[in-house]
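Two complexes, one shared chain (chain A), two partners (chain B, chain C).
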Partner chain A sequence: MTLLQLRRGALGAGLAGTVACAIGAIWAPQEFFAAWLAAYVFWLGVPLGALALVEVHDLTGGRWALTVRPGLTASLLTLPLFILVFIPIFFFLPELYSWARPDEAAYLPNTFYLDAPFFIGRFAGYFVIWLILAAIALLRSPLDGDGASGGLGAVSGIGLVLLAFTATFAAFDWVMSLEPHWFSTMFGLIVGSGQFTTGLCVVILVALMAKRMPAPGEGPPSDRFHDLGSILLAVLLLWAYFEFMQFLIIWEEDLRDEIGWYVKRLYGPWGSVMLTIVLGHFVVPFLALIWSPVKRSRGALGAVCALVLVTGLIDVWWMVLPEFPGGFTWFAPVAAMGMGGLALALFLWRFERGLAKAERRIPAPRGVRFERGVSHG
Partner chain B sequence: MTLLADIREAPPVEPGQNLATVSNRVSDIALRMPTPRWWWAGFGASFLLFIILCIAAGNLFVSGIGIWGVNIPVAWGFALANYVWWIGVASGGTIISALFFITRSEWRTAVNRVAETMTLFAAAAAGLMPIFHLGRQGLFYWLFPYPNVMGIWPQFRSPLLWDFFALLCYIIASILFWYIGLLPDWAALRDRAPTRWQQVFYGTLACGWTGAARHWKRFRVVYGIMCAFMAPMVMSVHSIVGLDFAGGLTPGWHSTQFPPYFVFGAVYSGFATVLFLVLPIRRLYRLEAFITEYHINALAKMMLATGLMLTYSYALEAFMPYYSGNPYDVKQIRNDFFDLYALQYWGKILFNVVIPQLLWFPRLRLNEPLLFLVSVGIIFGMWLERYVIVVSSLYQDFMPSAWYFFAGSLWDWLTLAGSIGLFLTGIFIFLRLVPIIAMFEMRELVHREEGAG
Partner chain C sequence: MSTPELYGIAAEFTTAEAVTAAARHIKNAGFRRFEAYTPMPVEALDELIAGKQVALPLLIFCFGCIGFLVGFFMQYYLAVVDYPINVGGRPLNSWPAFGPITFEITVVFAVGGAFLAWFIFNRLPRLGTPLSAIPGFERATIDRYFLCVEASDPRFDRARLRWLFERCGAHRIAEVAA
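== the complex of A and B ==
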């Protein structure tokens, strides 16, 4: 399959999924919005994860960035799409959030924070910050040449601080506040590390699939995939650590205000879903990635990334959907396909241009800076 | 890993060093250099503090915990604050040594020996505190689950029990890690020793290391495994310390972010303590050629980064009570802000959050006296943090009838000062007898640099 076919397929799936969801939403608005929100939280990991990767690379360096550079650029450019697809939610907040329903909000202690205008204002704030950070990363970050860090230094440092806080509060706003009585200080780290995993897996997968990948610099490309595999392993370990610590603390305390969140998610069908997540998003990838040959083999690394992506989506469903009486409906996969298709089509469109430009410049010995060109194009 | 965008020109080793100068410079400090006057002064002062610890502990064993300021509901006073503080410093040392070995960070090479040694003595100081705190110290082995005629077992679901296991394993593993990492250097000292007693002393410690290829091969494997084992272990040890608190119902303790929050704080105090030790050592022993601005810059940057992570946790700690609306949690954070321990709370914010922001500026980062002061401030600020977490969360419990104002007694302060004496005494002995830079790793680095140049 060529990239062009993939892009057409993604666009088709995206449009079909979105239209199907829109029609279905007329009859079951709440089920639709629940599924749409879950898809949103999952796919937003692509631009946010890329942003975090660019900034971490800026501060620490490493040759791995060469391998995923076109993917990172294309990921960052999908960010505006995620403003558009959230807009319908603004008009139907009471469908999703009980704090937006006046009769239920009357009993809440935290309406100073969970309040529709403030919620929308915060959304705008997050995106202003993310767009500025993405623009800086695209225009200024020379992820080029020998793969050394780009010299953004302080900018990336401040960027990561801002990203950590905005991603945390976005997770509180969009997911944690679905159950407005429930709270966990760890929640931002869990959702954030999950989104980072998604973004990382997408850029690794795309780099693995693109056979024409430009590889400036020396060394066999398999070494760079090896580093990427190690980074993925580290991120998965962190994610599992955050997730397990939150569970352990809430489980051992067993307090009325807190345990309810897990009761919904540990018993009945969602319990087996959780086991799937534990196995597919941690145990199997962990055992695979500690074995060096897996990190050097394109096929095996790709399979691990695909598994982590699929279970990452299931993980978001497991966080979002049990809050709704409808639970898991046909909307969930269709919304994920619709939004993911649109994002992927946009991603691939940018990605191909990045590849084409990079290929033209391959003879140039050092200082390949195609990000600027892409962002103008 | 290129950590340093703006100072990439500064080399990890000053030019003009070769394999011989590395070993000569470092081993001479332990073998031939006459003991400097500053060493006697520092060691004397530290040893005095150590004697104070012995006196304080002796009085504690004879008189009981009544000599401390603790009482219900503030049952965890200085001892626990000191414990968490010391174990944090220890964990930070291991992270620097083990985690950054795995990431192949070049700046680790010159400072890992100091970091590991710091871990050793900080863990010793930490390990004493819970034992002191037991009240009936002689029965400390009751913590261990052993079959007994009373049929009594510890509560296996309690993080306090896991903490006992974790700390025990951690201290043993730290000693092994330190010692194994020293084997080639013990042998180097043995071979260079000018006097008989030094030959016997270092020869015994070297365990027959000859530098054979087979020895090196096994050594590499063992050291790599130790690093891969120590890095997650130290995370879990300090997370369990966080769980000791998060597993309690107490407002201000029960928060899901506590495990990573404590790990951030641990690494932060670890970097501060390494800088606190390395900055004077490199000047006093004239090791500027090996511990260069490159290392200082890298350590300062890492310290700033971990400080920012800790700031994230402080921010959530202040936000979440208001979000949850739980009246006890709200009261707890308001107490922190405005009540009896507000001075300590704002002190920790000042020393851990505000002042370290100076490190954003490369010029200030490389100003050694300033960096030293910032590091001392962070070490102090981290103690304040532990103190606030322990005391301020306890002194106004759910029951107003049980409210109580805690202040450390003279013996509390003497124990704290004495534990610093224990730590520094150990460090001074190390400074005199042990190669303070890992010579063989340094030689490897010099060799690589020569090859690159």
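== the complex of A and C ==
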């Protein structure tokens, strides 16, 4: 399967999923918006995770960035799409958020924050910051060099702080406010580290699948993937730490206003979903990645990344969907496919152009032909 | 042919590339019990002299598992069997609350096990190796690279080793007394 075929397939799946969702939304708007929001929170991890990775790399350096460079650039360039796909939600806020329904909001103490114009204003604010950071990262890209860090200067440090705050508040706004009485200060970091994981897995998977010439100074493939596997392990540990600490604190306090969030998610069908997430998003990848040969094998590392991506999507469903009477509907996978297809098509389009540019830059050794085909790993 | 009073034959090289190439030749010639002494880590050598290294991560993992079980069941025993207290109606086996301590003890066992295993595998504490008797061996901590095939190697053969080392461009060859 070549990149072009994959891109056409992604675009087809994206359009089909989006159209199916749009038609279904006529009959079941709330179910559609719940699924659309979950898909949004999941796929936004692609550009946001890439942004965080670029800035972390700028601070710490490392050869691994050379391996994922084309993927990171393409991920950053998908960011504008995520402004577009959120716009329908603005027109139907009361379908999603009880604070946007005047009769229910009357009892809320925090309506100054949970207020439609302010909500939209904050959305604009987050994207202004993210777009500026992404633009700086792309224009002054340290990734064009030899893998050394420092090209962004002070921007990367300040950028990471800004990113942590904006991602936290974005998670508060979009997901936590679904239940306006419930709060957890750690929630933003849980969603944010989940998005970081998504972004990282996508660029690793793409780097594993794309057959291309290594950039100068990149080192042998097994070493490069070993580093990426170690980073994935660290990020998963961070995610698990946040997730467990929130659960531990709320479980120990057992307060009426807080425990309800977990009661909805720990019992019944969502309880087994949670076990799936714990196993697939932490236990299995953890045990696999502490074993060095897994990190050195394309197939095994790819399988771990795929598992983490799938369970990451299930994790977002587990956070968003129990708040709605409809729960899990056919909209959830179709919306994820629709938005993911569109994002992937855009991603692959930029990725291909990035590869073509990189090939022009690296002088080809005689007798070696560049391959741009993508095979399923 | 092993000689009892001999520890091995050592060769001195001036570059990391030379010692790596020599180690590769020695390994290809069928020798297994050899060790390199270098002023800084030479990554390629790790893979040539490996064998024992595979055991260390596995050992650390086992120590971690033991720590996990010890950490969890210590708390389980205290809270459920030895001194059960009703804390606000929570179950006696409050496993989420055991989490942080279980994690800490897992880490202590894994790190402690790693340290212990590292100590034993390196045959510490000892003040030196038989190679310390070679004049100029202290340069192994400065700018020289030593490779020593031990006499306990089943294929040990003095003449053959000397010939191999010479072909590999050894700067100096010395017999090491046990």
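Couple of notes before you dig in:
In this section, the second predicted complex is superposed on the first by the 358 of 377 C-alpha atoms of A that agree within 3 Å, B and C clash if a C-alpha of one lies under 4 Å from a C-alpha of the other, contacts with A are read in each partner's own complex, and residues count from 1 in each chain.
The working rule: a residue touches a chain if its C-beta (ideal position, glycine included) is under 8 Å from a C-beta of that chain, and two chains touch if they have at least 3 such contacts.
Keep in mind that this is a model prediction, so the values were computed, not measured.
Overlaying the two complexes via chain A brings chain B and chain C into a clash. Residue contacts after overlaying the shared chain place A:188 against chain B, while chain C stays out of touching range.
Once the two complexes are overlaid on the shared chain, A:354 sits clear of chain B and of chain C alike.
Residue by residue along chain A, chain B and chain C are tallied for touches, and B comes out ahead. When the two complexes are overlaid on their common chain A, residue A:252 makes contact with chain B and with chain C alike. Of the two partner chains placed around the shared chain by superposition, neither chain B nor chain C is touched by A:341.
In the superposed model, A:172 makes contact with chain B only, not with chain C.
In the superposition on chain A, A:71 makes contact with neither chain B nor chain C.
In the superposed three-chain arrangement, chain C is struck by just one stretch of chain B from 76-84, 112-120, 220-228 or 274-282, namely 220-228.
Across the two superposed structures, the residue set of chain A contacted by chain B and also by chain C is 248, 252. Contact residues on chain A toward chain B in their complex (touch as defined above): 58-62, 108-110, 112-113, 148-154, 157, 161, 164-165, 168, 172, 183-189, 237, 241-242, 245-246, 248-250, 252-253, 255, 257. Within the complex, the chain B residues that touch chain A are 1-3, 5-6, 8, 157, 159, 232, 235, 239, 243, 246-247, 249, 254-261, 304-305, 308, 312-313, 315-317, 320, 322-326, 360.
Residues of chain A that touch chain C in their complex: 244, 247-248, 251-252, 254, 290-292.
Listed in rising order, the residues of chain C touching chain A in the complex are 57, 61, 88, 90, 96-97, 99-100.
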